[in-house]
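Chains here go by letter, A, B and C, matching the order in which they are written, and residues are numbered from 1 within each.
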Amino acid sequence: MSADPGQFVVTLLQAIAMGLLTGMVYGLMALGLSVIFGVMRVVNFAHGEMMVVGMYLAWLAFDRLGLDPLVSLPAVAAALFVFGYVLQRTVINPFIGLPEHMQFMLLLAVAILLVNACLAIAGPDTHGVQVDYMFDSFNIGPLVLDAVRVYAALAALVVAGLLWLFFTRTRPGKAIRAAADNHIGALVVGLDVRQLYALTFGIGAACVGAAGALMLLIVQVHPFLAIDYTLLAFVIVIVGGLGSMSGALAGGLLIGVSEAVAGVLLQPSLKSVFSFGLLIIVLLLRPQGLLARRS
Amino acid sequence: MSGAHLAVRGIGKSFRGLRAVSDVAFDVPGGAIHALIGPNGAGKTTCFNMIAGVFAPDTGDIRLDDRSIAGLRPDQICGAGIGRTFQIVKPFMGLTVEENVTIGALARTSHVPEARAAARQILRDLGLDDRRHVRAVNLTLPDRKRLEVARALATGPRLLLLDEVMAGLRPTETDQMVAFLKDLNARTGITILLIEHVMRAVMALSQHIVVLHHGEKIAEGTPQAVTRDPAVLEVYLGQESH
Amino acid sequence: MSIWRRLTDGVPARALGALGLLAALLVVAPFLLRFMSAGDYWLSILILVVYFSYIGQAWNIMMGFAGQLSLGHAIYLGLGGYVAAALYVNLGIGPWLGVFVAVAAAMLAGGLIGFLGFRFSLAGVYFALLTIAFAEFTRILFDHFKWVGGSGGLFLKVEADGSAFNLQGSPLLFYYVILALAAAVFVLCRWLLTSRLGYYWLAIREDPEAAQAAGINVLRTKLLAVLISAGLTAIGGVWSAFYYKSLFPESAFSMGRSIEVTLAPIIGGLGTLFGPIIGSALLVGLGDLFTSLAEWLANTWDVKTAGLKQIGYGIALLLIVMFRRDGVWPWLARRLGFDRQREDRP
């Protein structure tokens, strides 16, 4: 690290900017987990695995069809939506309201299947995409921002915006939000709960699928990333407030930045110390999340 | 075993700025059976929860045989000699009737066979003995209510707090419960404070009634006096006639 | 005599007979395996079954008895293994002495996590996440802990003068050590369940609020569950460190290791004594079955796909969870007529 304080500030700002950009994608990933928990009270222990499935689908689209992940994103999200919808209808629905350990074991089995399906199809090697702008960058003052990260973050922002429109402007969206805010309320209003649950799981899966496609622009994929993403998503939603949608996005930014800054201040291998330390503190002192209103 | 004297001295409690109970005071002498009545939301269960240690009163004091118990934890309150039931019954659903009551009895002895024997005796008294190997989850509501009383009794209290144990019982079952409590009180001298909506049970059991409304005590006295009290009539009949 | 009566009270005679038979069979199993081809291989499988039933039993105390979901038991396994191994490698203190330090270290960690979690009223998923967070934290810590080898790992050399005194020797030694541990923890768990503490744990598992009203000091009782569970798990960690002879933070404290601990008792039947044993036998057996199947596919049909055996395992796990929610043992016990008398059970 440079001894020049000016240089250090630039390095730090650079890390924060990078962290914010990555954090957008993290936020989108965690949003899926939060929506699912908010509505169904099911903790999706296969979330990281669904992320990795999204990454692999985007990689397949690139490898076989030459599609940029930004282009294949809608298709990847749609595929994950269908997967999530069907999974909820067939496997998860009977477990809603059951003790946590049963849901945990069920989703663990799903996670094992997903990760090994990826392994069987794509092998244990890492895969990435080579887009033609992969070495481009934007210069803002002294900061150099990778084009891939900027595009990924912008796309994540667009997806989050679309979700916001869905949740505020459409009937099923409002119903899901109502269900997330007030679990009983939605039941009382007489919404078709089974349909709503499947739709919610589909949307949660689509979120994380989209996040996976975008993440592939930034990192290479291999099957064993899955558990790290599951943990990362847990950290983010707890910090943002489990079940809170805006909290998930903000939590994503916070964790993205804290990882990047920890990478600068400490060794890169210590970068998750911040995240897990934050998780412990938030769990103990503010389990409703840093950004949630006290309920 | 003899009953303990409960003295409630001007207790008050607010939740998020809303006063649930303010300045409530009453006495339950040792060996007496008193009732706490009032419309829904009058603060009865809040009073119970303060006595049972679920939360500490903001103001005032609660004394059991002249020892302050305000602010103690529920398990410490139980140890001090107060047994309670919950308005929404909370049996240990996955455990058998006998296991449920044995757990209560273990408050008095660490010897499991001894606790089990004590539990059996209480179950016989309450007419639950033939169901002792049934898990609580499979009991009917009246049986769950009786189980709730049995478990509270098993902890060996000198004061029993009963939160609507008659609600949902049929008249004959109510009479059985009333008879049981009367007999228990006569036999052991245990003090009983009950919250009850079933007036038939209140009149049959209690020697003295405290009436709460909007978190405040509006009347107290013998059942006959209370039922003639204009303030009480206003609260009850006034509501019904509108 | 009275202890025997206390332990067996209410247990059907046929269940006791079956248990005796199982114990006898496990004791003589290595000798029987000698007459089989690939006996060493089968012994290694048997060792795994007994090991997972041991640590599953230890985890079950916390979750199955007291209802506190820990998804971070790798921390106790890892700490136990690391403490005993580091004492041996760095200071020459043997494992039979080191195990006490290992247990103390794990109990200290468990006490801290439990106290913080319970003091701040964390339950369910939130408590589980706290246990994960502490395990991950410890993993990162040990990655940078040079005295125990850091991320490069800690290794126990195979020594010429190795003997049972420093827990070195043939798989047979390790088999009997873990079998003795598993038998001891089985009896201990039964004893605990017939004690006041056991009843108190069940009460807290079923309803903490009602338990407290019945006079139970909930914080202390839950802490005891964590302490006992952590200490017993650490003994398993010591055994495992000396059996495998290497430790890496990346795996010793991993989420995967924590999950491994929970599988057998949940699949077998939470809160039951036979659950961890049945679950462990089933899962290790299934794992082995699918490994053989994958090998057969590779050799016979030239299908060499990575992940096939785990896919089979995952499907089996999914089916068991979906169709035997309460675990295999409660269902099996009813079938065999081993369940304790409960009139409301068919």
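Everything that follows uses one rule, which is that a contact is a pair of C-beta atoms (placed from the backbone, for glycine too) under 8 Å apart; a residue touches a chain by one contact, two chains touch by 3 or more.
Keep in mind the model is a prediction, meaning the values are calculated, not measured.
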item: Nearest-to-centre chain - CA centroid comparison; value: C
item: Two chains sharing the most contacts, counting C-beta pairs only; value: A-C
item: Where chain B and chain C are represented by their mean Cα positions, the distance between them in whole Å; value: 44
item: Distance between chain centroids, defined by C-alpha means - chain A, chain C (Å); value: 32
item: Computed distance of Cα centres, chain B from chain A, in Å; value: 50
item: Interfacial residue positions of chain C with respect to chain B in the complex; value: 194-196, 199-200, 202-203, 205-207, 209-218, 341-344
item: Chain B residues within the chain C interface of the complex; value: 52, 73-75, 78-79, 84, 86, 90-96, 99, 102-104, 106-107, 110, 112, 115, 131, 133-135, 138, 151-152, 155
item: Residues of chain C that touch chain A when the two form their complex; value: 63, 69, 71, 116-117, 120, 122, 124-126, 128-130, 132-134, 136-137, 140, 143-144, 151, 255-256, 259, 262-263, 266-267, 270, 305-308, 310-311, 313-315, 317-318, 321-322, 325
item: Chain C-touching residues of chain A, taken from the complex the two chains share; value: 43, 91, 94, 98, 100-102, 104-106, 108-110, 112-113, 115-120, 123-124, 223, 227, 230-231, 234-235, 238, 242, 267, 269-270, 272-273, 276-277, 279-280, 283-285, 287
